[in-house]
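By letter and in written order, the chains are A, B and C; residue numbering begins at 1 in each of them.
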Amino acid sequence: MQKTVAELAALVGGRVVGDGTRVITGVAAVTEATETQAAFLLDEYMAALGQVQAGVVLVEHEPEDTAGKTLIVTDNPKWAFASLVRVFVPPVQAPAGIHPTAAVDATATVDESASVGPYAVIGPRSRVGARAVLQAHTVLGADVSVGADTTVYAGAILHDRTEIGERVIIRSHAVIGGEGFGFATMSGKHERVPQIGRVVIGDDVEIGAGTTIDNATFGETSIGRGTKIDNLVHLGHNVHVGEDCFIIAQVGVAGSTTIGNHVVLAGQTGVSGHITIADHVTCGGKTGVIGSIKESGTYVGFPARPHRQWGRIEGVLNHLPDLLKRVRRLEKSLLKENE
Amino acid sequence: MQKTVAELAALVGGRVVGDGTRVITGVAAVTEATETQAAFLLDEYMAALGQVQAGVVLVEHEPEDTAGKTLIVTDNPKWAFASLVRVFVPPVQAPAGIHPTAAVDATATVDESASVGPYAVIGPRSRVGARAVLQAHTVLGADVSVGADTTVYAGAILHDRTEIGERVIIRSHAVIGGEGFGFATMSGKHERVPQIGRVVIGDDVEIGAGTTIDNATFGETSIGRGTKIDNLVHLGHNVHVGEDCFIIAQVGVAGSTTIGNHVVLAGQTGVSGHITIADHVTCGGKTGVIGSIKESGTYVGFPARPHRQWGRIEGVLNHLPDLLKRVRRLEKSLLKENE
Amino acid sequence: MQKTVAELAALVGGRVVGDGTRVITGVAAVTEATETQAAFLLDEYMAALGQVQAGVVLVEHEPEDTAGKTLIVTDNPKWAFASLVRVFVPPVQAPAGIHPTAAVDATATVDESASVGPYAVIGPRSRVGARAVLQAHTVLGADVSVGADTTVYAGAILHDRTEIGERVIIRSHAVIGGEGFGFATMSGKHERVPQIGRVVIGDDVEIGAGTTIDNATFGETSIGRGTKIDNLVHLGHNVHVGEDCFIIAQVGVAGSTTIGNHVVLAGQTGVSGHITIADHVTCGGKTGVIGSIKESGTYVGFPARPHRQWGRIEGVLNHLPDLLKRVRRLEKSLLKENE
């Protein structure tokens, strides 16, 4: 695959600075790219432009000194670069059709353009949409629907009644729609409350490897369109996540909590159940959210505090042993005085 | 399936208030239930009884004003409700027998009433009890025993020598009996210590999706009857968990720790190895237990503190930056005085 | 299998004290071992030697009073004991050959001494080395290589281009080489940046059950030789881990972070992205590493602090409510004085 710099600029809606006829055949990290490859460089690193060897560099602004490099100026070089990666490294197409070893229930419906891999299992009345891909060893229970252009990676499991939108990516060993953790306790013994709801995943969602999203007691556990969820995340029954969120690795959200749109929960954050997190809230890694957050902003620590407040407290904590000594000294002084 | 209110009351050992002849055909959340459905309402929400549309409401106490609703009065409405869910939404029966694609070792024994799904694998000398269900893609190693009425969900793995009791539920992609994390270090290099023990799971235990429970160096890693374990939990080699505990999502317990009965470890709690947690201890979410806990009660934070103490410390932490200033002012005042 | 004490001593390079002709047929925990079994006892427990029933005890030093026991004196009893376990409890050999139900791509290469289990799937151009074992339900994508004597436990998945060294152990449901969590955000919407790098696992590495290691944006995510990784760990794209590290259960390391050699990250530790951790750093359980650590030593807490400093701060925290009162009293005293 080869494209000229001018063609690539047109593709990403950017402006050429330098030689638009140069031929590009691939992409690479900016520290590694050679003269036939494209790379990107954000504003804060532009000082290093002179050392870059890439055939074309995607940048945010045209610098005074281009160091003789060929550039494509674009508002969002990283986003544009993602587009170029897809041009030069197209994803492998899975062959349409159902592998002979796949066990597909007679009442299930699989679009003829979909791809179902070795040892996949599809349960009663489930539906697989156009160009969807179920890799080897994926398992769909009963009454599951998988939307068009969705990819389910090897070993992922979608339990009964799960509804998956279009262009969704579900990675290996994710478990979607398993029974929520619901019990009634009588005389110290825990009796299971059957969870008869389901999970609904919106379009363009990504769900990471090993992530578990439980079905609802009744109704739905839902993930809004465009939200991206990382590996080993746990979302409990009746959780509702909004659109375009980032839920990073190993986050846990307890049942019946509602998360707004454009929320970012950094790695290992934990969120209590039955609370609400407003739109545009960001939590730093390992944050412990134990009460509703109503204002957008950044929160850190356990319990979660607005990040400036957390920073101030942490700053004083470093001096705490010394503070104790200073208070003792004050007490001694005052005692002396009062003698 | 339809039942009268009177029949349902008899089933759960409750007392009818209102029309016992009313016909009920299902269950729902109390905010959604219609006049042919049952729901439950706890004491703290009874003020909302007037807005409830359910055909019958399970309650703890008969209110002065029943708002014309039909009620079943019972000690534990949630528990009683769980029973009704099972009446109206019975679990799907898996067909008895071994799927033709299951790979069952010749020396393994599978009860004729058990159900073994597509692509399940059962190793040498393993035993599967009456009415047990192994879903698609489950794997049993050698010398594994699965008790009567136990369900193993798709993709779960029970490694060699694992012993599972009766009426146990093991959810998708759980890994039970994998080798414990044991090493001997010589000159900086880590040599594996083979773990030749096993895991024993008591009756009525539930183990969540993706949870890992490692086998013992020698002897057993054990989970006591009735304990319920959520998703993505890790229990290390030689851990012993008592009866009727709740181990919530993403908890980690390091090796050789013993946990008592009726213990609750909330989500993302971490417990050091080689310690003991007494009966009736509850740890809040994200608690870090780094030493034995000998008294029942509630513990929070890292390191774990009795929850009132933790609350008092957190209260003062909010004022810490201000406390620093106040100490400085005191020092200045005292200095001035001494001049 | 039986060996004399003298033969065992020769095997581990130790010195016999007592009866070298005694016959040993197995191993056990020191509290359980009988007179035909070997056990080990570290210095700090030597006071209990009199109660030990084992036929031979591996110890670090010959005590004044051997209590009539037969001993093997060796520098590292635990390491020596691991060797004896392997003598008496040799691992089960998986039969060489490819199970008839394994789906092996025509372009893949599997050494004739390797073992490929039921329903394993091996993708295009992948290579499986001598005496390697792929258990049931393992999945190799395209262009994966598995080195000699490596074992991949049931259900583990190695995605495209993953390179596994020799004598590696990958436990059940690990997902190696899944796509890293990379996105470019444009007008609030997150667009995936394809991750076209790969994961490289060094010789003698162990990777625990359910652990996820993501591939690199470009280049490699790498784990150095001899490093041992526990269950449910997450390592993000472009992470580099050195040699002979211990990464304990449920640790999370964000992308592009580099970890040195002989590093220990205890359970549930979280490490930010784009930082560096020096050689010989140890982090206690639940540590939150949010900036580079340049000096070897032990670190605890969130944010990570040198462990003595953390200990001092925690010590004063217990007295914090009281400190507040003492400051108030000082303020009152000073006020009184100034009246």
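Miscellaneous remarks
In this text, a residue touches a chain if its C-beta (ideal position, glycine included) is under 8 Å from a C-beta of that chain, and two chains touch if they have at least 3 such contacts.
This is a predicted model, so every value here is computed, not measured.
When subunit A is fitted to subunit B on its Cα atoms, the angle of the rotation, on a 0 to 180 scale and to the nearest 5, is 120 degrees. Mostly differing positions are employed by subunit A and subunit C in their mutual contact, as under half of the interface residue numbers are shared between these two copies. Taking the mean of the C-alpha atoms as each chain's centre, subunit A and subunit C sit 27 Å apart. Shown for subunit C are the residues that touch two or more other chains, namely 101, 119, 137, 155, 173, 210, 232, 250, 268, 302, 317, 320, 323, 327, 330, 334, 337. Subunit B makes touch with subunit A in their complex at residues 28-29, 32, 76, 78-83, 85-86, 89, 91-92, 101, 117-119, 135-137, 153-155, 169, 171-173, 206, 208-210, 226, 228, 230-232, 244, 246, 248-250, 262, 267-268, 285-286, 301-302, 314, 317-318, 320-321, 323-324, 327, 330-331, 334, 337-338. Considering their complex, residues 103, 119, 121, 137, 139, 141-142, 155, 157, 159-160, 173, 175, 178-179, 181, 183-186, 188-194, 196, 210, 212, 214, 217-219, 232, 234, 236, 250, 252, 254, 268, 270, 272, 288, 290, 302-303, 309, 312-313, 315-317, 319-320, 323, 326-327, 330, 333-334, 337 of subunit B touch subunit C.
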